[in-house]
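To start, the structure itself, in structure tokens.
For clarity, chains are labelled A, B, C and D in written order, and residue numbers in each chain start from 1.
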Amino acid sequence: MPGRNHLYVPGPTNIPDAVLSAMHVPMEDHRRPDFPDLVAPLLTNLKKVFRTEAGQCFIFPATGTAGWEIALSNTLSPGDKVLSYRFGQFSHLWIDLAKRLGLDVEYEEVPWGQGVPLDKLEARLRADRAHEIKAVLICHNETATGVTNDLPAVRKAIDAAGHPALFYVDGVSSIGSLDFRMDEWGIDIGVAGSQKGFMLPAGLALLGFSQKALKARESAKCKRAFLDINDHIVHNAGGFFPYTPSIPLLYGLRKSLDLLLEEGLENVYARHARLAEGVRRAVAAWGLKVCAQEPKWYSNTVSAVVVPPEFDARDVIHTAYYRYNLSLGAGLAEVSGKVFRIGHLGDLNELSLSSAIVGSEMAMLDVGIPITPGSGIGAASTYWRETAPAIKPRV
Amino acid sequence: MPGRNHLYVPGPTNIPDAVLSAMHVPMEDHRRPDFPDLVAPLLTNLKKVFRTEAGQCFIFPATGTAGWEIALSNTLSPGDKVLSYRFGQFSHLWIDLAKRLGLDVEYEEVPWGQGVPLDKLEARLRADRAHEIKAVLICHNETATGVTNDLPAVRKAIDAAGHPALFYVDGVSSIGSLDFRMDEWGIDIGVAGSQKGFMLPAGLALLGFSQKALKARESAKCKRAFLDINDHIVHNAGGFFPYTPSIPLLYGLRKSLDLLLEEGLENVYARHARLAEGVRRAVAAWGLKVCAQEPKWYSNTVSAVVVPPEFDARDVIHTAYYRYNLSLGAGLAEVSGKVFRIGHLGDLNELSLSSAIVGSEMAMLDVGIPITPGSGIGAASTYWRETAPAIKPRV
Amino acid sequence: MPGRNHLYVPGPTNIPDAVLSAMHVPMEDHRRPDFPDLVAPLLTNLKKVFRTEAGQCFIFPATGTAGWEIALSNTLSPGDKVLSYRFGQFSHLWIDLAKRLGLDVEYEEVPWGQGVPLDKLEARLRADRAHEIKAVLICHNETATGVTNDLPAVRKAIDAAGHPALFYVDGVSSIGSLDFRMDEWGIDIGVAGSQKGFMLPAGLALLGFSQKALKARESAKCKRAFLDINDHIVHNAGGFFPYTPSIPLLYGLRKSLDLLLEEGLENVYARHARLAEGVRRAVAAWGLKVCAQEPKWYSNTVSAVVVPPEFDARDVIHTAYYRYNLSLGAGLAEVSGKVFRIGHLGDLNELSLSSAIVGSEMAMLDVGIPITPGSGIGAASTYWRETAPAIKPRV
Amino acid sequence: MPGRNHLYVPGPTNIPDAVLSAMHVPMEDHRRPDFPDLVAPLLTNLKKVFRTEAGQCFIFPATGTAGWEIALSNTLSPGDKVLSYRFGQFSHLWIDLAKRLGLDVEYEEVPWGQGVPLDKLEARLRADRAHEIKAVLICHNETATGVTNDLPAVRKAIDAAGHPALFYVDGVSSIGSLDFRMDEWGIDIGVAGSQKGFMLPAGLALLGFSQKALKARESAKCKRAFLDINDHIVHNAGGFFPYTPSIPLLYGLRKSLDLLLEEGLENVYARHARLAEGVRRAVAAWGLKVCAQEPKWYSNTVSAVVVPPEFDARDVIHTAYYRYNLSLGAGLAEVSGKVFRIGHLGDLNELSLSSAIVGSEMAMLDVGIPITPGSGIGAASTYWRETAPAIKPRV
């Protein structure tokens, strides 16, 4: 098919050309004496993106799923109680993984489209006078529903309850795109993957550990080997890895970290917020709603668009892909067929995202959803025009 | 700036990723004994795109400008009379180049926005009873105004006049995108460049010569050396080139020829026509006009959009570039400030072209041109939806 | 530094340009409906390289270290007894990993430079009348010492003892380079990584499981989540993965499998054997020895060259790297300072390997090891000339 | 065939990976307002490599052959007398091209293997009292024979004769590799191509013009259009080109200029001299001679190795290519069959060049030339070891 595929799933995201080129390198020896010149700045810059000075970051040759496991297995023991909330496919999967590791997972079902019930969280922690709950597991941005949780409020709830639980965050679809501050918000472990805001292929699990989390590993009895951070701590100190890293991904990460830090994290967050608002204006102009039930939960990295009940969102996705070469995200599990998702994170600007809006509109019209042609993009582009930075006039 | 640049100048065009990768090769010896395995199929496939079986194609490590010169200097002598028409910047430049080579160029000024006046052409040739006119030079698609000429009608005019003049065509922004048939339409030389329909960087002048044109070189006295086809004829016979070729471009050309022939030339032409019509629907929905004055001249590779007289099109282009990372084509020479151009040729699909329409709309609104947000893309996408091929339903 | 680095560590190995280009692709949706068109042939072709029809192959976004863990954790339970031999750093590390997973590892120390003592293996299995030993763990090719074990003989020993133990093989530096036949040799799990014979960056753990091994997972109680093959079995059936795969590596793997199968596995093995013999001839011409104590153990993927006792091999490696841009493998653990290693696996030919031999010679001379300049490469090149295939004469 | 091709023709040369990656870029608009940010530094840095402050450099989307024509056609008129010497295929070709342009070329035949006869040159210029000779054309480095001329001595001869002739130099296989100083040596035009010392694909003709040469164009009557520097002077002033440039090559040139200037031109020259001397030591150790008859003419970019008269050098080249994947340069025209050429220019180090020496040795032995295996590389590597810079000891 001529022309590019238009990729708007909420990860893996579009890779900037500069990152692709940075990864196109001949192989090299990961034990060469000057290899630390590559590795050390990566770990330093990663801490900047995780917003931690006190903590330590890790780069595993694995994926975000492994990241979830690294967080748990390195700091907890079988039978330990953890508290979580299930409000989408990814919060579900982390809970499932914790169970498989033998943890005692207490979790509450939350309607998909809502976020963590902060009052209940606080109440539950208050009730846990024996401090049996060792860790609270929160999915920052539920990629399946486009719901973002208020992490400072979670921190506040934990503190209000005076509870010593560790605070673990799945930041896979948030870190590097949405405001995320490990130290300031008292997050003990943040988990990211390379294929979302870091604009890389999948293949790296990126983690930040607070000193409290690092200390927890001393008593952690979960079995671990490949995913043991201890070997990384030992080898990272010298600028190396305990086993062969994926060297192209390290070069890609170097470039993507440079891109993020050169743009400035605050600017990155603002860009995501502005682009996302355009998408939501389009959805409103179509007369539709996003899955997130309240503005406080609106995600700036992904919007799950709810189709009218008489239609199947899978037809929209199918039509978009086969007719217009547009990749939209599917509704997963409970929201399958009910929503299609537009990912708006990573290396994007207004006009690239326009393709996603125009294509969604065309596919919805094709399957019969009654919307006005041009209405969505008209609303989005008007918003973007109103909020675009001024430019110097032509001389 | 995050996100890609949206490139919609009418050349150089977007390079498909597969072509970019095909050009990313280690260097090799252009005199290796099996080098002809690369070269011979290129020359064969090039003939298919030029639609010639009787003629011969050439690949020069140069540009379309060189192609114009190759056509003239290899077949004509200083002082030879040639006939042409000036109706845009590129027809102008070819005329200018012919003059520099010492040819006696007779040309008529045609209002920019119109094409070759066929009746006048025929009349002029009929009047040339002494057959002093050695060649007729026609720009197939005037990239500056978005005007396409009817080449079969030109052929018919020459034939009707019973004139033996050679028929040379500038096909730089048409060959590989618009219907072009060397043998069937009796074209003696067709000139193309790599950076338009061939979806490559600039750096190759691609030419087709008829047997009549090849014969003309026997008496041609224009001085030539680097651009002499004779050395190519000698070396191409063995599958080589007379001097070092740009090997990455040859690999890129191999891939782009494969892409064009796999899609099928008729499909390529139809795709360009359909995408272009969408752009024209957008222009009409904005209440504007293209520079081409009549539908018979509408170009399917580039549309020059005329802005209302109280605005300067250069402001639209400036705004599109600096505010939305959209590259539009400028108005050149006589139409500078009056038009902006949307290139719609090469590796494109509906949604990529949507970015150009949406971005043009945003930039026009920003400079104050009163159009309705979403109107252009609404009209274009409606047309594209109506004409998109049916797909298999989801199973 | 001008010129390329000459990479001759025994992994990661040189990546063919065609593979590098194959990985340079825009990102895509790993849930697109036609994604199985990419995945299914990978799994099929991987089985060809593992030489299994009865078994099943897996592709994990991880490394060879993870591969070791996948083998054990999916089929065994904490406390299960496994039998192994420690004769180099990598056989050591697998044993260490097995212990961390809570297995009861019984292993024998073997002098580094020797391989598995087949008679003792058989005797130990015979003695295990209760069949407490659940699995035998054998490192096919010990990368640290350049020792290759005779896997059919291991199989024979197990069979001779009439023991039902599973037979697990670390084939990280052998599969795809050395003769390896899962079905024929009754191997229950073979573990490979992408960065050796598969000529890719690290980042994929590649495994083959026999039906017996697959069945073993039903009772396996080791905790596992990210590394659980069960999710792969479920998703691979449809041509998908349970979590986001590293898509560039999949495209790279497609290309490297094509390269291996086009060359023909028997030819690949023979090429490695012939190139390796050249290196050994060079070592002999230098008057030195390889670490492998007997020809039956000579590895065709890596040679560990023992330097005279009065020298430190680390000086040779240091000089080679900083003075001649040559990366040699270091001696690890017990053989640190005693050997330097030349990796000769993957995408290599005679003349590329010549650089490694010439550079080793230069570096040894620089540190004072008394060898004759040109002696090593003279011996190697003579052997390669004598064994090179005949070519057609020049016409 | 597994493993890389070993490319040692004297151009096109090996492209550094960093340059290949620099060229792998999406297409862009060559008329974008910030395009001069790319172009202007290129022209500035090019002047540094040509060693001119007073002159002006040009970048044409063409080849070195075009460069020869650009030099002549922009500064001379048909019938103008020029003086040259023919001592190899490339000095021959430039003379031939000058004739085709209608110049009156006076040239002397010099035995191939020798360089310009300086005394005769001076005598001829002295004899030209009427100053009919408008330009002296000297091939700096004759790529066919491996002969380098002493340009300062040529300048001295012109000055000694008190002759005002322009001094034009073919520096295609010297500029960027051998010492070349436009201003200091009073060179009026230097011609280079991208595919030699600039380590790029062919596709750029690079030229330096002195003010005297720029002035000469005012009276030059050779017809020119595509190759007219006037359009470049006009457009380069603003940071643009008169027609579409090959944008990937511009990015590649940016990188290659950076590499040359970062290494330092004096270091680049010294590296070429040292590597070349190693090759010559190898030739001597084989008991053979290079084509250049005296050390003063030895080229540091290419060595033409003379095979014993009873052998055909084409068999060596054929065997090297088909048996060992080594590309050597053929003997051209008068020296066809008598020599094979090893190019040693561009992105090279000792160990890469070792492959060429070892492979040449193997191929010569295969065709029966009686040399001692290892002798050539032994001599070369001994020289390189003796002259390698000291390194810091291992800590």
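Convention: a residue touches a chain if its C-beta (ideal position, glycine included) is under 8 Å from a C-beta of that chain, and two chains touch if they have at least 3 such contacts.
Every value quoted in this text rests on a predicted model; they were computed, and no experiment measured them.
J.: Through how few touching steps can chain B be joined to chain D?
T.: 1
J.: Specify the chain most distant from chain D by Cα centroid.
T.: A
J.: Copies chain A, chain D: same or different interface, half of numbers shared as the threshold?
T.: Comparing the two copies, chain A and chain D contact each other through largely the same residue numbers, since over half are shared.
J.: Can you work out the whole-Å distance between the CA centroids of chain A and chain C?
T.: 35
J.: Between chain B and chain C, what is the gap in Å from one C-alpha centre to the other?
T.: 54
J.: Quick check: how many Å separate the C-alpha centres of chain A and chain B?
T.: Here the centre of chain B sits 45 Å away from the centre of chain A.
J.: Show the residues in chain C shared as contacts by 2 or more other chains, in ascending order.
T.: Each of 4, 17, 20, 24, 26, 318 in chain C touches at least two other chains.
J.: Under the stated contact criterion, what part of chain B meets chain C in this complex?
T.: Interface residues on chain B, with respect to chain C: 17, 20-22, 24-26.
J.: Which positions of chain A touch chain C when the two form their complex?
T.: Going by the criterion above, the answer is residues 4-5, 7, 9, 11-15, 20, 23-24, 26-33, 61-66, 68-69, 78, 97, 100-102, 193, 195, 201-203, 222-228, 242-249, 318, 321, 327, 330.
J.: Where on chain B is chain A touching in the complex?
T.: 1-4, 6, 16-17, 24, 259, 263, 268, 271, 314-315, 318-319, 322-326, 347-352, 354-355, 358-359, 361-362, 365-366, 372-379, 381-382, 384-385, 388-389, 391-394
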